[in-house]
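Shared between the two complexes below is chain A, which pairs with chain B and chain C, respectively.
Let's look at the complex of A and B:
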């Protein structure tokens, strides 16, 4: 088997090989990136805890639950802990600087969310400081905030009587060990918000968006959910209790056709590049007719002729694909940073990398098949006949 | 200076039929992908802005950007509903104004999952304001003060219980669907009912916004300034068209930037493959170029001839791309408008803008991809080119 011929053939037209490989690199890079976007959009579902339930209004995402519900939920057998989650919906300086802010029970937050790890600052300060907040590490990168800073957040829902912004003091910077909580959220004390509403310093809905419920070990998920739902079946606000994964899935389901759209784009890219590589390999096969004739005349079998072209195609696509995957891995931190607002879970997973590599090798096989098959069947007499 | 005959270009393309076809289809796939994204953006934009009216005002609480965030108590809304001198009136002299209660509620989708469907409680004058733009195509309008609703046609078949005769439960109150309506604008993805009954069922006593049809020639700037400064009810006043385009800014921008980034990346890949094809074509035809040079054609005509060939490939690719994307026209899809967090249904629209953009893009790919090979061809020396291996 004349191995070095494969490399020599590829290098015979360095410009063309480079062009084909480059378009392959771009295609694989694009496919990996698109898939990582989909992975990022659906990340919350993957990391959801199995011992947590979400109690929310059965009517609408925009309807709050009364504060009195928390005590009643806590009484249900099997419930170990409850924690308020109230969407604040504010922004920093300009509406385009958008990230999630939640008012939570500072005294229960860590117990409800053991995956949240405070990297800087004193975890206990969150409870001790009324206007304190925990911020995700992505936010420190994005806005340069550090522990001790006072952060002004402009409201959209909770207007202050003085017409100004809310101020929160950064007491800690956290990271999450799982993907269900992103690293770009601001958590503050719900009591701080509640007091402002009660004292008339601000206006807005008095209730709470959702209660996160942590189950006691061994509690039956389905039974507890049903029991909570039944509690409020006759109003004033009906509730819907779901697992955390189901709750996250609702948001993914809201994306509707978006994952399909991104998938179709990937399909289009793949198809276009398949044809391009196929074209290159067909041309290579045609140009090599004479060389192959000589190889066969020297006594190498049909299999060798077939393998020469097939391996050339595989090598070309494999190298192109590997570089494409490599680029997407290298660019992942930059993308993660740039997209942290819209797709905080952006990640090039191992499966994505494997998919990129697998697809490029598959392209190689498909593109190499026709010319290689022709090479295998080539008759020496035909191949060596000078062009008319 | 004699140009290389056009027939040479056509014959060359025909001679390498399979290679030409592959290049055209590959380029077509690239163009079609981009045209698809653009068609989506067009469909979305038409839905929201084409239907927005200039003579219909949307009045929100000051500080709110969308009706979901806005809110008026009933008595404050009454001030606007009854006391707007610019408002047009119907034949009986009643002002053409309506208070609207709005809430996006959870509804299960037919194909699984859940989405947020806008529920709008409206007052009787609404039908007079919307006039011909709102057409009940099945059943009838809901009766005032009854637990009846009408559903937008875009919801039928996609959202469970959105069909004539079905029952939609809002919190604890069941509402019966008595009609299906069509609306040229985004209202076609909503459920409409009586404002008072819906307010009670959803325990939301106020209105989210007030709409008012204004008399022709009303001074809108003055009205805006007056209501903005109003002590009792400070408001933000926008025309319906301005309001709707503000609601779609984010999604439209996402689609356009997605299209732009894809065009850049995929375009680069397409140019590389185009260059490649032309280089290979040239390599196979070096001898011919030598002959052309030897019989007296100058380098410039040869350059133009190769560039023309590549441009033709691009044109064919563009046409192929348009043909591939045409079946998408009218295909409906839905996603959440993240400005409002509600579900909107819209269709791919292959508008002339899409087709022209696609063809121009493909021509550009052909020209850029053909330049280098054409230069190489033009710079060949006859003796070199004619030398037999």
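Let's look at the complex of A and C:
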């Protein structure tokens, strides 16, 4: 097999090869990036725990539930643990510095979320410090916060009577082992918020956004959900209990057709590039008619002629795809930082990299198939005719 | 007298062009001896190139038998014919037909890729073949950096690389000026005399044909007269 011919043929038209490969690099980079966005947007759904339920108002997620519900939910057979989750909705210094903050039960949080791992600080300090907070490691990168810092968060919902910002003390920095909890959230004690509201130091809705319910081992998820819903069927607030995955899916559906749109853009880009590569390979096949005739005349078989064109196409697409994947991996930290508010779960996963490379090679096979097939069937005397 | 190197019996090859069937070879018997230098002559359309293609296993006869070195080419499939070509025949074409992306030595080395020779030996053989044609100093030049005569000599070196018994040349001097053509013809004569290569050359050029030992005339797909030339004529004056 004249392997050296494959690369040499590609290099025979350096500008054309460079342009085609560059279009592939851009296409694969775009596809990987778009898919990473979709993965980031749906990370919560993919990483949702199977043993957790979310109890929210049946009216809307924006309607709070009474605090008294927690004890009743905890009584339902099959429920092992409940944990408050209250959306705070503040920002750091400027509204553009927006990230998620939740008031939670500090004494139950670690048990409810075993996937949260405290990297720095004392885990117990979260419970011991009333104004303490746990922050995701992405926030430390973004704002340079460290354990012991006092972080002022300006409220949008829970206004303080003095008109100032809420101050939280960073007692721990966490990372999540699963994608349902991102690393750009601030968790603080719900009791800190509740006390301020009760004492009149702040104003805002007194209830809780959702209760996260951890099931006991072997509990029937559907039966427990139904029982919780039935428990509050007659009010004062009807509830809707869903799995964590379903709950996360609500947020994805709020984005409307964005994931579909991103997927469509990726598909369109891929199709356009397929045409470009196909055109290049058809041109290469036509130009190489005489060369292929020579090779066959010298005794190389039809399979070699087929392989020369097919491997050329695969090499072109493979190299372009590999560079595109490489660029998407290299740029991932920058994208993750830039998109941390919108898509905190942005990551170029191994599956995305494999998909990018796989699609490039598939493009290579499709684009190379027709010229390679023609090369395999080419008759020497036709190829070597003076007008060929 | 032993078996001829090439034996053709009742060979027919027809083409359909524009709905009309044209018999390029219309029933053909011919024996060609090993070590001969044959010139195939005749007007355009007489079947010279068709005959050469059949002898080289590049095309297949519609009827009859083409036996070369004891092997019946008409009974072989495409893959067997390709292998046979690699082992038994070297081609020299009018348009040189070198691969433009390869250097001279890489072009000569190409047919050697089909042999079990290791890389170093392949290179050694290719350089030797280039030396035979007087182009060892052009080994690493691309075809576009060579003159027409040099390109044809590289093509001859490529035809020699696998040391085949049979060299088929289709108008090898057709694209060359007289002086360069004479150099190429001289090389073919030398290969025939010194290395006992059987050479079959299609040509329109009587001066080129004069260098062959035997001239076979074809006309309208039929065998014409066969002329023996005891001693090949010397090169014409440039």
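Just so we're on the same page, the second predicted complex is superposed on the first by the 380 of 388 C-alpha atoms of A that agree within 3 Å, B and C clash if a C-alpha of one lies under 4 Å from a C-alpha of the other, contacts with A are read in each partner's own complex, and residues count from 1 in each chain.
Definition applied: contacts are C-beta pairs under 8 Å (C-beta built on N, C-alpha and C of every residue); 3 or more make two chains touch, one makes a residue touch a chain.
Just so you know, these numbers come straight off a predicted model, no measurement behind them.
Visitor: Looking at chain A, does chain C or chain B touch more of its residues?
Guide: Greater contact footprint in residues on chain A: B.
Visitor: Name the contact category of A:60: first (chain B only), second (chain C only), both, or neither.
Guide: first
Visitor: Examine A:361 and indicate which partner it touches, taking first as chain B and second as chain C; both and neither are also allowed.
Guide: The answer is neither, since A:361 touches no partner chain.
Visitor: Quick check for you: in the superposed arrangement, does A:297 touch first (chain B), second (chain C), both or neither?
Guide: So A:297 only meets chain C here.
Visitor: By the touch definition at the top of the document, which applies to A:264: first (chain B), second (chain C), both, or neither?
Guide: first
Visitor: Contacts for A:280 in the overlay, against chain B (first) and chain C (second): which applies, first, second, both or neither?
Guide: first
Visitor: Should A:27 be classified as contacting the first partner (chain B), the second (chain C), both, or neither?
Guide: First partner only, chain B.
Visitor: Spell out the part of chain A that touches chain C in their complex, as residue ranges.
Guide: By the definition above, chain A touches chain C via 1-2, 4-5, 8-9, 11-12, 290-291, 293-302, 379-381, 384, 386.
Visitor: In their shared complex, at which residues does chain B touch chain A?
Guide: On the chain B side, the touching residues are 18-19, 22-23, 25-27, 29-30, 32-33, 36-37, 40, 63-65, 68-69, 103-106, 109, 112-116, 170-172, 202-203, 254, 262, 265-266, 268-270, 272-273, 275-277, 279-280, 283-284, 333-336, 341, 343.
Visitor: Of all residues in chain A, which touch chain B in the complex?
Guide: My answer: residues 13, 15-16, 19-20, 22-23, 26-27, 29-30, 58-63, 89, 95, 156-157, 159, 234-238, 240, 249-250, 253-258, 260-261, 264-265, 268-269, 271-273, 275-276, 278-280, 282-283, 286-287, 342.
Visitor: Show me the residue ranges of chain C that touch chain A in the complex, using the header's touch definition.
Guide: The touching residues are 53, 56, 58-59, 78-79, 82-87, 91, 93-95, 97-102, 106, 110-111, 113-114, 158.
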